Each structure stands twice: as C-alpha cells, then as structure tokens.
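I'd like to ask some things about the structure below.
Each chain gets a letter, A, B, C, D and E, in the order it is written, and its residues are counted from 1.
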Amino acid sequence: MQNNLELENKIAEKIKIAFQTAEVQVQRKQRIKVNLNEDLVHPFLTFAKNTLSYKHLSHISCVDWIEDNQFELVYILLSYDSLVQIIAKTRINREKAEFPTARNYWPQVETYEREIHELYGINFVGNDHLVDFVLEDWEDLPPMRRDFDTVKYSQEHFFNRPGREDAQDVRKTVTKHSGEELPDLAKIYSVRN
Amino acid sequence: MVEIMISIPVIFVTIFVGAILTYLIKLIMPKVEAYFALLVSAATSYMAFALPKTESIYKFNLGSFNLMWGNNEYSHLFAMLVAVLGFFVVLYSMDFMAGKVNLGFYYFNLLVSIGSMLGIVYSQDFLSLFIFWEIMTWSSFMLVIYAQDEKFSVGIKYFVFSAIGAYLLLTALVILYTNSGSFLLEDNINNFIYLSSQNQILVIIFLIIGFGVKAAMMPFHVWAPDAYKAAPSSFTALFSGALSKMGIFGIGLVLFKFAIQNTDYFTYFQFALAWLGGITALLSTFYAVFQTDAKKLLAYSSIGQLGYIIVGLAVGTPLSIMSALLLTILHGAFKAMLFMSAGAVYYRTGLLDMNETRGLIRKMPLTFLTALMGIITVAGVPPLGGFVSKWMLYEALIQSNYYFLVIIIFVASTAAFLYLYRFIFSLFLGQEEKEFENVKEVPIKMIIPMLLLAGFTLAVGVVPGFVLEQISKAMGYLGIQTPNWENSVLFSNWENSSVNLMSVATSIGILFVLGAIFLTIKNYRSTRYVTTKDIHTSGEVPTENENLTFAVNFYQPFERSLGSVIKPSIDRIFNLIGKNIESAADYLRYIYTGNGQTYAMYVILFFVVLILFADLMFGFKF
Amino acid sequence: MDSFWMKILGFVITPLVAFAVGVTYGGIVRKITARIQNRVGPPIYQNLLDITKLYSKKTAVNHGVMQHLGPVFAITASVTSLFFVPVLRDSSFWFNLSFDGDLIFLLYMMVFGSLGMALGAGQTGNPNSAIGVSRGLALMVGYEIPFVLSLVALMIQFQTTSIHGLLAVQDTFSSWIIFQSPFATIAGILAFLGMMHYAPFDVPFAPAEVASGPASEFGGKYLALMMTSGSIFTFVKLVLFVNIYFGGAEDLLTLILKTFILYMIPVLTGIVNPRYRTEQAIQFFWKWPTVFGIIAILIVVL
Amino acid sequence: MREKETTLYLGPQHPGITGNMMVKLKVTGDTIIKAETHVGYLHRAFEKLMEARNWMQCFPIVCRICVPEPDPNEENLARIIEELEGREVPERAKYIRVMVLELARLGTYLLWMGGQSGSMGLYTMPQWTIGDRDYILDLFEALTGGRVYHMYIWPGGVRRDLPEGFKDKVLKTMDYLEGRLKDYDDLLFDNALFYKRAKGIGVIDKSKAMEWGVVGAPLRGCGIKHDVRIDEPYEVYDKLKFVVPTAEGGDVWARALVRRQEFEQSISIIRQVMEQMPSGEFYNKVPNPLNWKVPAGDAYVKTESARGEFGYYGVSDGGLKPRRMHVRGPAYVHGVSLLERILVGANIADVSFIMNSLGTCPPEIER
Amino acid sequence: MEITYDKNAQEILSTIKSFARKSSLWVIAYGTGCGAIEIPPTMTSRYDAERFGIRGSATPRQADVLLITGYLAVKTLKRVIRTYEQMQDPKYVIAFGSCTINGGMYWDSYNTIKLLDKYIPVDVYINGCMPRPEAVIQGFIKLQELIMNKKAEGAAKYKENLEWYRENQRKIIHNWRMPEYNW
C-alpha cells in the first residue's frame, strides 16, 4: 500500500506552498494529514474547497485533549477527483471553546457543529442553529468531555438493578417488587458468586 | 272585522309605515326600535299568512295605468317564505345587531326589504312589481354597504348588476306594454302571443336575465359572494334565503306564463337555462370548496343551490318543478340556518375566516346542531329535507333525458360534501383553543329561529306532504299538472320507484337511538372525556403556539387533482370578469354615488322620462 | 300479524347475517392475504375476536359528543342501507324495507355514515384525522363520477331508478347487466375498487402517512362499532353491486358465492399494489373509468 | 401567537417512521413548508462508552450502532486497529470479511425493499423480502452464532473459520435470492404504480449532491459514480469484478434502480468470493485482549455500507482504551440536513417514502 | 347502573373477554430500541405472528400491547410514557432485551434508563440481546397466559401507584409539560 504516492505528494506540496506553517504529512495512500493553526483553518477550507476541488466534507470530529487543556477539531475532506482524503486538524483552547463556523462551505456542517456544541460545549460563532440535537433538557457538563463521569452520572440519576454492580442477591429485591418467589438461580446454574 | 283588516294594502301600510316608525322611534327612544321592528314584522307575517289566497285583489289606478295587487297560490308560497324568514331574521337581529351603530337605519331597511319582497310577490302588474323590485334592490344595497365604508365597492358591484338587471326588466316591460297596452300581468300573458316571435324571445331573455341577476345565475353571479359577505349575517340570511328567491319567483313566472307560449323556442329556452343552472351549480360548488371565508363559502353554496332550482324550473316536468319549488322553500330555511350559525360564530368570536376559527362545538352546541342539520340538508342526505328535493330532481332529470346534466348535478352535489364538511369542521370541530375559552352559546333569541328552521328541515324530510301541498297548489297556478305525491312517500314517474320517507326516518331514528344507547350504556363509567389537546401526536407533546388543526388549504389534494389546466383557467376567466366589472363599477360610481337619495332620484327621473316619452317609445320597434 | 312478526324477525336477522358474512369475509381476506404473502395467517374468525376484544376494552376515550356519536352514525347508515337493499331477489323475508331499492336513495344513504364518521374524526382535533377526511372526501368525488355515470347509463337504458327494476330487467332478459351493458359495468366495478378503499385507493387510512387517518383517535368500543358497521357495509356494497350488475341472487348460497367473487376483485388488486397519492387516485377515476361511463351513456343514448 | 401552518408530528411513534426519530412538519394543505428532524431518541452515548472500554470490548458496542447492518461497523473498527498497529490480515480472512459485508448488504437491501414498499402501502413486499432476509440471517447464525449482532470481524482476521458446508449453503441462498428477484421485479420494480409514485419525488440536485455530503445510493442515483469499494478498495474488492450502477434523476426512482442493480452485483460478488476464497489462516495472532495496547495515532477508515460511505475516525493515545472513536454514518447527513432540505415542498404522502429511499437509520445518527 | 348476572354467566363472560383479549393483541408501532429490528421478522412470513392474532396498529388509541424493544433513552422515555398513557385499558407492556431489565451493556451510559419497571409497569420481560423472534413469540404467549389467568394487571398497577411512578419519571424528565393522565 505504501507504493506510488505521487498524487498524494503533489497535493501535499500544494498545501505546503499555500500554508507555510501547516504540518503536512502523507499518512498513507489516499490520506493526507494537515495540522493547522487555529486561524488558518478557514483559509485552508476555502483553499481546499475552491482550489483543490475538495467538494465533499466527510466528517467533523472533536477530540478532548484534557491533558493539554485543548480541544482538537478534525475536518475530514474528500475530493471526488483525486479521491485523496485530507484530515485537517487544529487545536483550540478548552477553557474558552469558541470557533468560527464552517457552515457557509457545506450546509451539513450545521448538524456536525450542533452535535459538537452539545456534546463538547464548543461554541461555533456564526452558527445560529446550535439548538438541542440528541439530548433534551441536559443540565450537566457536556457529556463527551473527558471530565464528565458517565458511570457516576448514571448511578446518581437512574435506578440500578440491585445486584448489578456489586453482585448481591437479586432475588430479594425482585421478590419485593414483583411479589413472586424466584428460584435460586445461582444454585441452579452455578454462575459466578 | 279580521277580513277587512287583512288585505294587501294593509300589509304594505303596516310594514312600510312600521319601517318609518322604527326609524323615528330609534331617534326618540333607542333600544325599543328592535322590539317595535319585531312587532311590525310579526304583524306583517301574521297577515301574510292569514291573507286569503284568491279573493284579496286590490285594483287601483296610477295615472293612466291600471294596477293590481293580489294574492294567488304561487304568490302565497313565496310570501310565506318571506314572511317566516323576515320574522326570524328580525328576531335574530335583535341580539345579533345589538350595540351596533345606526340601528334605526338597519331596521328600516330590513323592514322595507321584507315589505318590498311581499310587494313583488303580491304585484299582479309589472309596474308595481318593478317599483317594488327597485325598492328591494335599494334597501338591500343599503344593508350591503351598511357595515363599513370599505365595503362600498362591493355594494357598487352589487348595485351595478342589479341596475343592469333592472334596465333589462324595464326594457322588457316596455316591449310588453307596447304590445298589450297594459301593465297587468294577466293582460300581458293573454296578449303575449301577439308579439312577434323575435320580440317574444327578446322579452323572455331580458326578463330571465333581469330576474336571474338576483338569483345569481352563473355569468351574473359576480356580485353575490362579496355582497353576501359584506352584509351583516342576519341580513345575509334573508338575502340568500328569501331575496334571491325573488329571482326564482320571476323566472318561474316568465317560464310558465310567457315562455311556454312560444312553443317553437320553449325547448331551447329550457335547454339553455337548464345547462346554465347546471353549470352554475357545478362551478360554484367547486368555487365554494376553495373558499376560506365561511360566509363566502355559503354564498357560493347559495349560488350553487339556486343553480339546482333553475335546473329544476327549466327542465319543466312536474316532478322537477316541484323539486325546484321545494328546494326554494328549503333553501330559504337551510341557508338561513347556515348563515345564522355562521353569524352566531361571528357574534361570539368576531371571526369568519375558516383558517382561524375552530373547536367551538362544546361552546356552542345548539349552533353546531343547527349547522349540522343545515349541512345534512344541503348535502341531500336522508332523513332531512334536502334529500326529498334532490331525489325529485334526479328522477325528473333522468326521466327527461338530461343525461349529462344529471351527472353534472350529481358531481356538484357530491363535491358539495367537501365544502360543507370544511364549513362545519373549521367552525366547530378541531382543536379547542385557549382564545375561545370564554365563548358561550349565543342568546336565546338567536337560537330560536335557528332551531325552528332546523326543525322545519327535519319535518320536510320526514313528512314533506305539508309543503308539497302548498307547492302543488302553486304549480296549479302556473298551469302545471301536479305529480304524484303522498304525505311521506316519494313517487317517481317511472314505475316501481318510490321512497317511503317515514320508514327511512323511523329506521334511522330507531337505529340511531339504539346505537347511542348501546354506546353510552356500555361501560359508561369508563368512557373518559379528554380535551382535544390530548391527542395522538406520535408521542410528542406539542408546544402552546403550535397549530394542530388542519385547516389551511384543506382540499389541496383535490385542488391538485383538478389539474393545472382546469382550475387556473377558470380562475383566470373569472378574475378577468371580476376585474373588469370592478373597474366598470368604479367608473359608474360617479353616477351612483351610493347615496340613496340620489339613486331614488335617478329612478324617479327615469320613470318621469319614461312616462313623458311613452308615446315616442310606443312607435319604437326593436 | 304473522307477516308483521316475520318482518321484525327480518329486521333482526338481516343485520346479523350481514355482520356474520362481512366478518367472515374479512377473516377470509386476511387468510388469503397471508397465503399470498407466504404466511399461515390468522384464523378465519380473527376479525370476530378483534371486534369482541375491542368491545371488551375497559376504557374508551372520547373528545366530545360528536366523536361519541360518530360510530353511531356509521352503524345507523350501514344498517339502514341494508334494510333498503333487496338482499335476495324474491324473498320477502330478506326484503325488509327495500320497497323498490331506490338507487338514488342508497347513494345518499351511504354517505350518511361517512359524514358522521368524518364529523367524529374532526372533533378529535387530530390533524391526521382531518387530513384523512380531506383525502377521503376528495377521493369520494373521484369515484362517484364513474359510478354515477354507470348508474345513469343503466337507469336510462332500462328506464328504472330502482334496484328492483334492474333485477326485473335482468330477469326478463335472463342475462346479467354485465353482458347487456359491459361498459357501464366496467365503470361501476372500477368505482367499486375505490369505494372499498383497498390499495391502491386506501389513501384516507394510509398508516405510513397519516397514522390511521380518521380512525386515529378511535379505540375500544368506538373502533369496535366502526368495525361492525364496516363489516355490514361491506356486505351492503357487495349485495348492491351484485344486484345491479350480476343479476342478484335467489338464495343465500348464490349470494355468498357471487359477493365473494366480487369481493376478491378489490382484495386481490389491493394485495399486489401500492397506494396512490391522493391526486393520482382521483385522477385515475377521472380518466378511464369516466371514459367508460361516458361511452356507456353514449351507447344508450345513440 | 398561534402559527398558521399545521404542525404534524411524524414520529417517534408513527408507522411511517424508520427507526425511532421524529420529523416535525409544518404543512399547509398537504404541502410541507418546513421539516425539522429531531433525533436523540436512541442516543446511547456509544462514543463515550467506547472511551471507557478496552479496544476489544468496543466490538460488541459498535455493531449496535447500525442495527440493520452491523458488519461495516466491526469492519471499520477492526481496520482502525489494524491501521494503527500496521497489522496484516490473512488473505482468507479478507475474503470472509468481504463475504460477510456483502451478505449484510443483501440483508439490508431486502429490508429496504420491504420498508420502501411498506411506506407506500404495498404490504406484500415486506412480507416476502423480510421473510427472505431471514435466510441470510440464518447464514449469519451458522457462521457467527448471532442472527443480528455478529461480533465476527476481529482485528487481524475473523473470529471463526467458515463452518463445514457453509459454501454450499451460501451459494444455495444466492441462487434462491436470484430466483426471487423476478418476483420482486413483478411486484415492485416493474409496478407502474411504484414508478408513478417514485418518479420525480425527493429529488436531490446533482450539482449540490457532493457539497451536501450525499453518499451511497442517493449519490449514485444522481448519476455520480462513487463507491468506496472501487475508489478506495479495501480488503479484496480490487480483485473482484463488479459494476457500480448509477442512475440519472436523483429521485426516489433512481435510488431504487441503483439499489436494485446493486442487489444483483452483491450476489455476483459473493459468488466470486466463494469461488476465489483461498484456504489458510483466518486470523493473525493477537495480544491478550485484556491487555491490548494500540499505538498512539489517528486514522480515518471507511467502508461502503448498504446506505453509503460509513466512516470511522479513531484516535488512540497508546493506551488500553480508545481515546476517541467518532462514527460517521451515511444517515447522519441523509437523515438530518438532506432530509430537511428535500422534504420542503414535498407531499405529506411522500415523507416516509423519501425517508426510506434515503436509507435513514436513526441509531447511527445519534449513536 | 349495575347489571347483576348469574355468577356462572359472569364467569363465562369474563372468560370470553379474556379469550378475546388474549387472541387479539394489537401491537403499537413503536421501535424504541435496537430490538425493533427483530419485530419485522416476527411479524412477517417466516415467523408470522399474525397466527396468534398479533398485528400492528398505528396509534396508541387502538393498541393493546406496547413493545419496549430495548433500552430507552431519557428522551424516548418521555414519549413512551405519553404513548402508554394514551393507550386504553386493558393494556400490556412487553419489554425486550437485557437493557430494559438491568441496563444491559449500557449500564454506565448517561442517557439510558436501567430499570424499566420503575417508570412503567412491565407485564413480560424477554431477555437476551437481542431476543430472537422465537423468544418474542414466546413472550407473547406468556402474555397470553397471563391474560387468560387475569394476571396481566400492569395497567391497574400503574393506576394504583401513579404517584410513585410519577415521582420516578419526574426524577429524570426535568421538563415535564405533559397533559395529565386522567383514567
């Protein structure tokens, strides 16, 4: 797979010429990774869409690098001409998470940004449709942030079937709730504990 | 004593003087005028009912003209319609119009229009008929423009059409007068055959158009929807229920007293008129389907129903004429009911836009009942009265070889379900909204006429005999042989086809009651009433401002299926006509300032000119 | 006096028989549908079970008196129409009130129930119901045209407006109307497809589009009453069409045979066809069926 | 202030909806003025859960992302791990994977045929196709032990080898399905009513299709030939002969035609796979799953699923658990931004129809 | 109005009712979780649930059985409650899969409930992830048995303990805003 990367190198060269500070790396066939500064993302997207004919936006992703106090935004683009995918990455400040929207380039960006806004709390400036996406009346931290503890949350908010987490005898609880005597399953099937 | 009291001049004196007195009383003692008007109309109606049908003839001379007022079976039929509706409308107006400005003016015109309608039906000569006709036009015009200034152009449109009709009438009268030398109906009927055939046709056409304008026949219907909408609902009930029937009265007279004498062309007249009526019925029905204003919808429906009547008259078999006259009476009742219930909704909510009103059924149950019975009657569904007339009409049409007309009529009557459902759905069904929370049932004085009329439609549906009796007498006057009828059994001319309405009604009644009892008794405790907000919305809970009633563009699929060809072209034609008429109306506005006095002056002037130059006109041949 | 009690007995028995036949047909249809779909299918009496279950529902939710009365309208209409259709040709017992089985009367009587149902559906305030009603009424205008054309053609041709007259005609010529006036029959049968509301003309009730349309808010005893009246109404329509076009029937067995064969036409069409969009359904009726109807009339007239 | 347009809720509880989502429609008459997709009814926070699990523990999770067609998810996750580790896969495993993927595609298409025809009231079709889909589920059951969720594709190969006689079973099933195609054609694709309803409905503008992020059959229905299987061949797709069908028009009809032809292509691919499949190992030795560290790095892999390009973006920080795993299902774009756009101006009757033709699958939108 | 039947007649009547209820189970079309994918096979030609009188119904007003086909996200739970309350008595709930019983593989997810019977009464649980169509049908048969023995009284339980259920429901559904349950 590592042979014949001419096309990829050519595109990488073009990007390097246009964006001096960008780290461009041909990852493998059909994959180019570009690391960009925060302020270069929009010029780069414009460049990719208009000059390199990257018409298709596959993906916008976000990674929480809590150690570095940074969010990483990942834009994955595809050109139907060269079929080479560009993975453009940038890091933004985690405390004051704001980023200009890319809604004007691709309409479906709105949805991605809505989701990232909801799950990470990044505010996309210029996108006026950052309403609830998958969650409803969410009051806690944005759940995909790494400092959000999902186990704790679920134990606090939901009823857990007793016996689920610390393997205690389920039967009593079940009997209490349903009024039915249950056989001792542990003995019958000799399961763990 | 009573016999002396009740005569036609007394009726006229009662109502016209009563009208003037009402106006004066309003000036002196406000709030009493409504009761006085009710008294006047009650007295008039009573007298109209009690008036002997044949003996009460009143002859007098005006200048050199012999004039005659008299009652006959045919007049009596229409007089009763006018009397009953007039009384009901005045009763309804008492609450409906309470608190409005210029009430003296309103009651004056209302009473005058009732009086003039009685005048029309009692006139036995063309001159007084024409004068009463013009008084009727004038008073109704006043009521059309009564409410607001902006409706003035609407009024003008109405007026222009009325004036066209009036002048056509007048022209025809002149021709007739030149022929017979008398305005008396009888003389003219007898001397009609002496007119040249050409003139006969001309007279008939002019008369039919002249009368047909009031009956909103299709090419001359343009004024009707707007005028019906502009007038206060109380008057619209009379307007559509009785006033438009004056046109039918005239057409009936023309067809069976005059046109029938022209044996060569009578079938063509019939044919043309029948198709005109059929097309009127069809197109106006389709128009009604796409209306958003409740009163306009009813107005188009009214035009359509008048189309049926015209068809019935034109087809000219005994059964069809009977159906037409029955429908005339019934239409007076049910259209008044419907306009009154629309008016009741307007009275409580101030809305007539069917996209806005909704969910009033529990607030106004009796109004809903009226509207329900109204639409069942219009639709012609048994066991209410509409079915009787529809049935007769179909039987008559099929038997007299109007094959395609019957299809058209049938399609119109099926499509009528669309707008009728829309009407009742938009006003009374659907979501119950917060903004109508405080709506109550209308006062009793408005309810009573509505319910009485509803009862009448039911009675006609079950035992039509009591109306058919009057109608067959009226047909006797027109010289038409009466078809078979029995108290509650309908017979077609063909063998083995009859409907026993009594058993239909009994069956429906028993089953309905049984079903209702069964449904109510069974688990009656567990039947739960919930609000209309508690509906299946796919599990979601709608927010406050979301509209859950499906009202806007209710019949879009139907509209689309009519295709891109038919609908716009019809639209275009009528928009074009409407626009031209309106601009013409604007032009004529300079002449018709809308001031009643000016118009009255014009009319008088015209008559003076007519009488002065009568000799000159005599020599004029068309 | 004897005949009076016989009459009363007829009033009681006819609806029951109609209901039984209608329900059984419903079950058979479900069975046939299942067989075509490679399935075993429910038992034939499944519809009866469904109706019984719906009657035995403990609660019934209504949104007001019109919804409460809507199903009553429906059952009234279906049973009344049944009373006025001559079920068997020469039997006085099955004749009930159908003095002459007037066609125009029946055409209007059949609407009575739909009107009540539509009003009931309207009162629930469910937008799906209103859309369903709007579709249903529009569709009705669609199929009424060919149907009326067909009926008018027959009425003119045989100079009668009653089913009884048409039956007599078929008796005297001893051939059914389908042979005497094929075009009218085609138009009538095509309209019949729409009247039965099977696919492709099931637009008012389309589940994937408007939940179940007018019936969206009806459950429990209301739905049960609707299904009961639906079963009877199916029977009424079948008998009506058999009487008009296929010579009626002299005994119950023939009747059941004929109605069953007739019933299979819309059912089998429905199984293998998707649903039209509303305007397409209406336009369908305004094309060929209408043309056939007009041809039928022209043949008669010329 | 009350709105003038009627609000119609299509879903979550509605027979016309695919899966569990909601389309809120504003209509006048039966024309849609505005459509809003609401998702999240199936949100299980998979991406969050994956961050809390081992790499291998992620496999039971990812297959639940797309319920009708779970295998592309497994394939993607496996390939991310392989790419980050540079792990080679035996040739036989590759063939088996292709077979599994294509079987899953067939199953999804059968389900789609059922849904598409069910949404327009042709209820016989789902009865047939979903019944026939069970034969494919039977194959899966024989192969993996699970009907719906397989957890079969592993990093470094597949979990088990083909059972005995499996090849014959597969070929027999393929013959059967090919035979059934004629029935499907008669009932659905050759049905004039289907053409009438589908033609010109839900049109995607060809010039906008790429920018809007349309993938899969809807994109090919616009006449744009794009398929991950040939554009970025994975596994052994470059060794197989198949055609990528396209159709013009961008409407429901075009999408249906494309899927119909792909159905045949998939059958042919499976036949080729069964023929060419080499013997040998079906997996590479892998580390202890409980102590499996994947080198740090990130990778984007994509698979052509039945509904279009299925992409996974995975980030590893060199630990036992994924740092981030982001799933980009085709329905993500189709079901939200595209659906909202093409529903405007459509008829109420066509909402569910269009939704089915786009292959909207809510669980992969919200995960 | 109390109609007093003969004791036997009453029994027979109630048996007939139970039999009708059991043999005609209308399932509301609501695919709440991944278990929804096994509903089509159950309903269609291979397994043909219509044999047992099981068929789909479009709206909750007509339905008897609510299938919870898997985990419930909090957002869905609200709709499910709404749907359940709109159904008419007698109504039954069949819950699918491990995730309705104890959270299943989503035991630590922040968005799915773990114990369904705390929120709505469940008549029959079908375990497995996901249950096969055979299991689904067996679940239905179990429900039929319960109906026949008059033990499927989930709705009555709900009515009695409405306060308790409400408390639990409101604990996770913050923005309630629902019409009240009134029967």
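Here is the rule we use: a residue touches a chain if its C-beta (ideal position, glycine included) is under 8 Å from a C-beta of that chain, and two chains touch if they have at least 3 such contacts.
For clarity, every value in this text was computed on a predicted model and none was experimentally measured.
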So which chains count as neighbours of both subunit B and subunit E? C, D
Fewest hops from subunit C to subunit D - one hop per pair of touching chains: 1
If I drop subunit E from the contact graph, what connected components are left? one piece
Compare the CA centroid of subunit A with every other chain's and tell me the farthest one. B
Please indicate the chain closest to the centre of the assembly, with centres calculated from CA atoms only. C
Most contact pairs found between chains B-C
Farthest CA centroid from subunit E: chain B
CA centre of subunit A versus CA centre of subunit D: separation in Å? 21
Taking each chain's centre as the mean of its CA atoms, subunit B sits from subunit C at a distance in Å of 36
Subunit D-subunit E separation of Cα centroids, rounded to whole Å: 30
With centres defined as the mean C-alpha position, give me the subunit A-subunit B separation in Å. 71
Within subunit E, the set of residues that touch 2 or more other chains is 29-30, 44-45, 58-61, 75, 79, 83, 86, 89, 108-112, 183
What positions in subunit D touch 2 or more of the other chains? 6-7, 12-15, 30, 40, 43, 45, 48-49, 52, 127-128, 131
What are the residue numbers in subunit B that touch two or more other chains? 526, 528, 530-531, 533-534, 536-540, 548-551, 554-555, 557
Which chain pairs touch, all of them: A-D, A-E, B-C, B-D, B-E, C-D, C-E, D-E
Using the touch definition up top, name the residues of subunit E that touch subunit C in the complex. 16-17, 19-21, 23-24, 26, 29, 44-45, 48, 50-53, 55, 57-59, 61-64, 86, 88-90, 183
Residue numbers of subunit E touching subunit A in their complex, please. 74-75, 78, 101-103, 107-115, 117-118, 168, 171-175
Subunit B-facing residues of subunit E, complex: 1, 30, 59-61, 79-80, 82-83, 86, 89, 177-179, 182-183
Can you check the complex and tell me which residues of subunit A touch subunit D? 27-28, 30-31, 55-59, 61-64, 74, 76, 80, 83, 85, 87, 106-108, 110-111, 132-136, 143-144, 146, 148, 150-151
Any idea which subunit D residues touch subunit B in the complex? 1-7, 9-14, 17, 22, 24, 27-31
